[in-house]
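Below: one structure, written as structure tokens.
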């Protein structure tokens, strides 16, 4: 019992430390990627390649004046960002990052808690996510904020439906609601992943899920709630400093959650794309080693002076990581983690990529799209899956 | 596929009427784009086809009597009677709606679909043998009725009516559900026959009679609302007045009949052996409904509202028969509801016919001189009104007769006497309409009246013929009711 | 572990139900009235689930589930009705919805 | 299908035929109505011809099952009383048709349809042998009368029609309750069967039960009669009704009440009837005197006649509740008399109204000079109404007074006050309307009787004289039936329900019987013999217990 | 532990429920109602109804209440003004409601003695699998019927609230 609490505590601290850092750096990555898409350098001043930019942002937000507009509904105005943030972080609790690991005689799951209705839990929490946005919009006592809040709640409710249904199809294949079991059922090669698995590959469900996920997180092309040219900044128009940051963090946290969900549901979670016996275990080593080598190569001919030191250092770190991945002791838990992070990272990259390329929808198109296309498509997909699953069993 | 997932063909046959209705309802909406620009009345015709098919299915299901879905559906004579009744009510409603809807420029597939769904719900209520099915069927019926009530959304009266109906209906639902919960808690089951077994002490963990009595009281509150029995009648006048007239006709008959069917089914099946001590409750409610309904109706000048109050009073008469707590009483209820359905739908159809575009003319003064201008309409209306009064050779008379006969057999002398006196009071306000129609000069409404549309005329003729038929040869219906009123064999 | 008597759950359910009913009777705001009804339905659900525990049968859960679905359907229709009413009359006070009294 | 059925159904057929005649030809409606009503009358004369006068019970029985649960039959038959009353209805209907020939110009077709439907209901009420069927006819007769008053009546017709309907309805629902109760006890609606069961003791009511049932029936009938103080609807209805409506209402419809009392209240609940008799007799006497007094001060002819009806019907009720053969015979005879006489009064008043368009007495005067034949007819009728010997009312009133005197001498004294008062108001009416100076209005607007009107009035006059001169044509069948009723009314004799002691009345009657039977033999010796026999036997039964 | 959890969430639920009724502002009521629903979800977990608990949050808190909040915001409903009519309701309502509560509590206390107690994990039949299995076998008919119900709700909402574009 005691060890349970201790282990849980340690896991919690670790997960949240990593998560919060990731949140901060996701912001940096996004700016960087979009910058590169638009052929500009992005953050470049604070730290090498602007690596310390997130830190600077945090400092800025913390020290900024906390404006509270008059005539707001006080309690709700204060509670809304808190709610948004809390709900966004809560779903991380049930997301597994890897298989069971053994540290010093204590074996535990790389997951804060395993619910046998994990999927439902995530759905439940994400369905509550609307409130933060809605209350923020309403409590601000500002028509732009209100409209933003309304739009976003409508949008989130609408897209939640195709998303839930899209989730249901892989569940049919895996026959479980526990996220861990879900991943375990996708063990093997990548054609065992739900997205490609027989009897009915869930490619459609995956695409529907991703599209809905974009809308759920209010990302472009579905970022109508904060369409600047119409609604100033939408529901968080009246928010500043840390409260504003909370919404931001909530958004990125949600992105991570849905990406993780996509990975767990469709992409085999922490499972490698092909078995270890065919050499999947050396992939991280190769990747990191390659990255390290590139870094070293660029370090020799740096674009800028300061990088003469930072790039080789990075290269060496990468090589070291590559070496670590070769150690059999850590491989058991590091490899799954790598695959998981790699997949999540890929999806997050897709998020950013799309933001960099696609324009925004018009509002009625947005709603029409989900009700008239996404929702029926999801149902059809579920229907076919159900029939095929029943047929096969 | 696992075998226990598949309902047997017998199961499916026994819910065939509901299936036909829902499928056709959905089909109507799917075909909407195709039919909308074509001939008018296409929806109405399709609905009629659906209802006729459902009627056939009802008969077919009756030929395959028995329980389905593990006792959740019970197809017996009782169920068939009410199924047929609500379907016929539906036919009459559709017939009388077509012209009305076109006059209001409001004909859509959704209206007809909702009507069909509502009827499906009521039909299922009549056949359900399990409280959860009762509940869901009740909600299917209710929710579509809420929407139908508010169907003319540009009319504030319609909006208000929908709101009141909805709020009070949901409130009643909560009570009904709590009653179901208590039954489940005290007997461990919600299957009516099993509840009966538990209540008689054959089974069940904590079947305390008083607890069951409490459950019965809560169920009574819930159903009392649905049948607009006092003291739960407050919604009825506003709702009946505000709803589009064909819908009012429907509301005051179909859902009411189905609710009474459920009432009978629950109280005569589950609570009958123990008694449950619910009679004083019903006794009081019956008397209060009759008295409040009749005396309030005396003061109304709006005919729809007057008929609304009268429908409260009629619910009171039916409750008298329920108080009798006997098979005779049950068959009296069945007969009365059948008679009431025809005369009431007929009466409301005439009101809807007269009221004109936007339902402007509903006042009692507006009926002035109808007898001169449209003698046929007036004559048919007279038949309905006389039947509502309870004049012999009409169905309404025999309905009352059987009810009070049953009550007297159960020694409810005072309730009978008070009920009969009430029906004499009721004569007054029905007569006022007759007076207007025949003894006064034509009003503006009558001068503007349009000729009877064919559909409406058919509906009126059917209703009047049925009213008279039930008044002259009541046996055909009564014998069937008598045979099927013994719910537990 | 200390155990919680079944009756506590049931009493809680009864209390919530009565609070809901009180809200229905005393409140005048249409939406609040509607929410009181939802509260009553929730209370009933608690009873169902408790009884399911009592009998160690899953039926109660099913009943609760159906109640939820019904509540959802009611909410959709009910709120639509409230919207139509509000369109004509910019007040949510139930006492002001009385154009038909005579 | 026997003759009785024909008599019953012909008016119904007439109703349907009248409805199917197109609106555009009112004359056809009139002719059809006349032919059909005459046909009905002819058929009912056949009934009279074939009626077996030697049998006391019901004849021409038709008993067809109608509804199986509860066991309701189409069961009709005629006994001595109902035969005459049915004849009265069929006799008066063609007269009404004639009277209304010119008077009714609005919605002619409907008028005659309703008139024939009314005849159907009235005949049905008298000949129904099934309690349920009786109730059906009772209510069926209500509806056409309601419309007759409401559509073709005078200014305050709506008020009157509604009042008429509601009063009757209020009474009849109580009766319905009682009928249902009776059925639940007896398991049959058949009147003869119930009477049999009561006689054989297979069916017995507790005192309380019997009293309540009796009152439920009685109130319904008393409203219809109308018995004071339930009479208030009557003046309104009579005054506002069209002439034909008034005639049918006064002459036949009121008889539904008295017939009901005689046919149902007394035989079915004899003990209760007897224990209530003193009270009812007192009400009847109040009605006689009160009706006469009020009639005296009426400025309106129709109202006057209406109140005189209250008074006359008081005699009928008194006669029935004297529980003597004489009283009952007289009561039945008085029913017929009143039907003829008051029918004639209303008819002639209607003719006056048709001419002068007023019912106020002050608008007339000197009609005798303008229309001598009309005045003569009215004079005969007036005299009949007063109770002049050799005219019909005399016989009935005399018998009733005799019966009342046997039961309680004081009743007879008070009731005879009514006879005297009727002479006052009727003669005074005649004087004011027909004598004196004829005004210009009257002279120019009041022509004498036309041929059609003659045809309507003469049969009535003839009947008045016939019934007054040779009552033996009518009384024997009546006597047989009333004797039977009287016999039935003595079942279950030693019985008290906290009312005045019935036995005292009864004993008084038996004592007086010996002294007073002789002079009465002139009127109905046959019936008297029966009465004595049954009276004694029942008393013996009573003492044996 | 169970008792503490129960008491905490039961009291929270009651407090929120009272708040639903006494708050004059609908949005405050709505939030309180969400509180009730959330704490009920926890209580469901205590009773071994994990699927229902999840459904409670998803359906009630996540869908129904969102609709409520949405409508409140859409109508921009303000605080309720007091109206005088409720006197009669109070006169009749308070005693009858108190009586109802009293009767219910009395029966509950009498019929369910303290021995019949719950503890966490005492019933594990409330899994999604068990519920689902019952749903598609025993309760197939009501399940199908609810689908009609949902269809009606959709159609109904459209009929009532759809705005023509003309």
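As written, the chain order gives the labels A, B, C, D and E, with residue 1 at the start of each chain.
The criterion applied here is as follows: contacts are C-beta pairs under 8 Å (C-beta built on N, C-alpha and C of every residue); 3 or more make two chains touch, one makes a residue touch a chain.
From a predicted model like this one, the values you see are computed outputs, not experimental measurements.
Visitor: Chains touching chain B and chain C alike, please list them.
Guide: Looking at chain C and chain B together, the chains touching each of them are E.
Visitor: Can you list every chain that touches chain A and also touches chain D?
Guide: none
Visitor: Please state whether C-E or B-D has more C-beta contact pairs across its interface.
Guide: Most contacts of the two pairs: C-E.
Visitor: Taking the mean of all protein CA atoms as the centre, name the chain whose own CA mean is closest to it.
Guide: Per-chain C-alpha centroids compared to the overall one single out B.
Visitor: Where centres are the averaged C-alpha coordinates, which chain has the largest centre distance to chain B?
Guide: A
Visitor: Starting from the Cα centroid of chain D, hunt down the chain whose centroid lies farthest away.
Guide: Taking each chain's C-alpha mean as its centre, the farthest from chain D is A.
Visitor: Counting only Cα atoms for the centres, state how far chain C is from chain E in Å.
Guide: Centres of chain C and chain E (C-alpha means) sit 6 Å apart.
Visitor: State, to the nearest whole Å, the distance from the C-alpha centre of chain B to the C-alpha centre of chain D.
Guide: 44
Visitor: Once you find the CA centre of chain A and the CA centre of chain B, what distance in Å lies between them?
Guide: Chain A and chain B have C-alpha centres separated by 55 Å.
Visitor: Distance between chain A and chain E based on Cα centroids, please, to the nearest Å.
Guide: 32
Visitor: When you check chain C against every other chain, which residues touch at least two of them?
Guide: Touching at least two other chains: 10, 17, 20-21, 34, 50, 54, 57, 59, 62, 66, 70, 73-74, 77, 81-82, 84.
Visitor: At least two other chains touched by the same residue of chain E: list those residues.
Guide: Answer for chain E, listing residues that touch two or more other chains: 51, 55, 63, 67, 70, 72, 74, 104, 112, 138-139, 142, 146, 149, 152-153, 156, 160.
Visitor: Mind pulling the residue numbers of chain A that touch at least two other chains?
Guide: Residue numbers touching two or more other chains: none in chain A.
Visitor: Under the stated touch criterion, can you name all the chain pairs that qualify?
Guide: By the stated definition, chains touch in these pairs: A-E, B-C, B-D, B-E, C-E.
Visitor: Touching residues of chain B toward chain C in the complex: what are they?
Guide: 132, 135-136, 139, 143, 146-147, 150, 153, 156-157, 159-164, 166-167, 170-171, 173-174, 177-178, 180-182, 184-185, 188-190, 205, 237-238, 241-242, 300-302, 305
Visitor: Applying the document's contact rule, which stretches of chain A touch chain E when the two form their complex?
Guide: 73, 76, 115-117, 120-121, 123-125, 127-128, 130-131, 134-135, 137-138, 146, 149-150, 153-154, 157, 160, 177
Visitor: Across the complex, what residues on chain C touch chain E?
Guide: 1-12, 14-23, 25-29, 31-32, 34-36, 38-39, 42, 45-46, 49-50, 52-54, 56-59, 61-62, 64-66, 68-77, 79-84, 86, 92-93, 95
Visitor: Flag every residue of chain B that touches chain D in the complex, lowest number first.
Guide: So the residues of chain B touching chain D come out as 386, 389, 391-393, 397, 401, 404-405, 408-409, 413, 416-417, 420-421, 423-424, 427-428, 431-432, 434-435, 438-439, 473-475, 478-479, 482.
Visitor: Which residues of chain D touch chain B once you look at their complex with the stated criterion?
Guide: For this pair, the touching residues of chain D are 67-70, 135-137, 139-140, 142-143, 146-147, 150-151, 157-158, 161-162, 165-166, 169-170, 172-174, 176-177, 180-181, 183-184.
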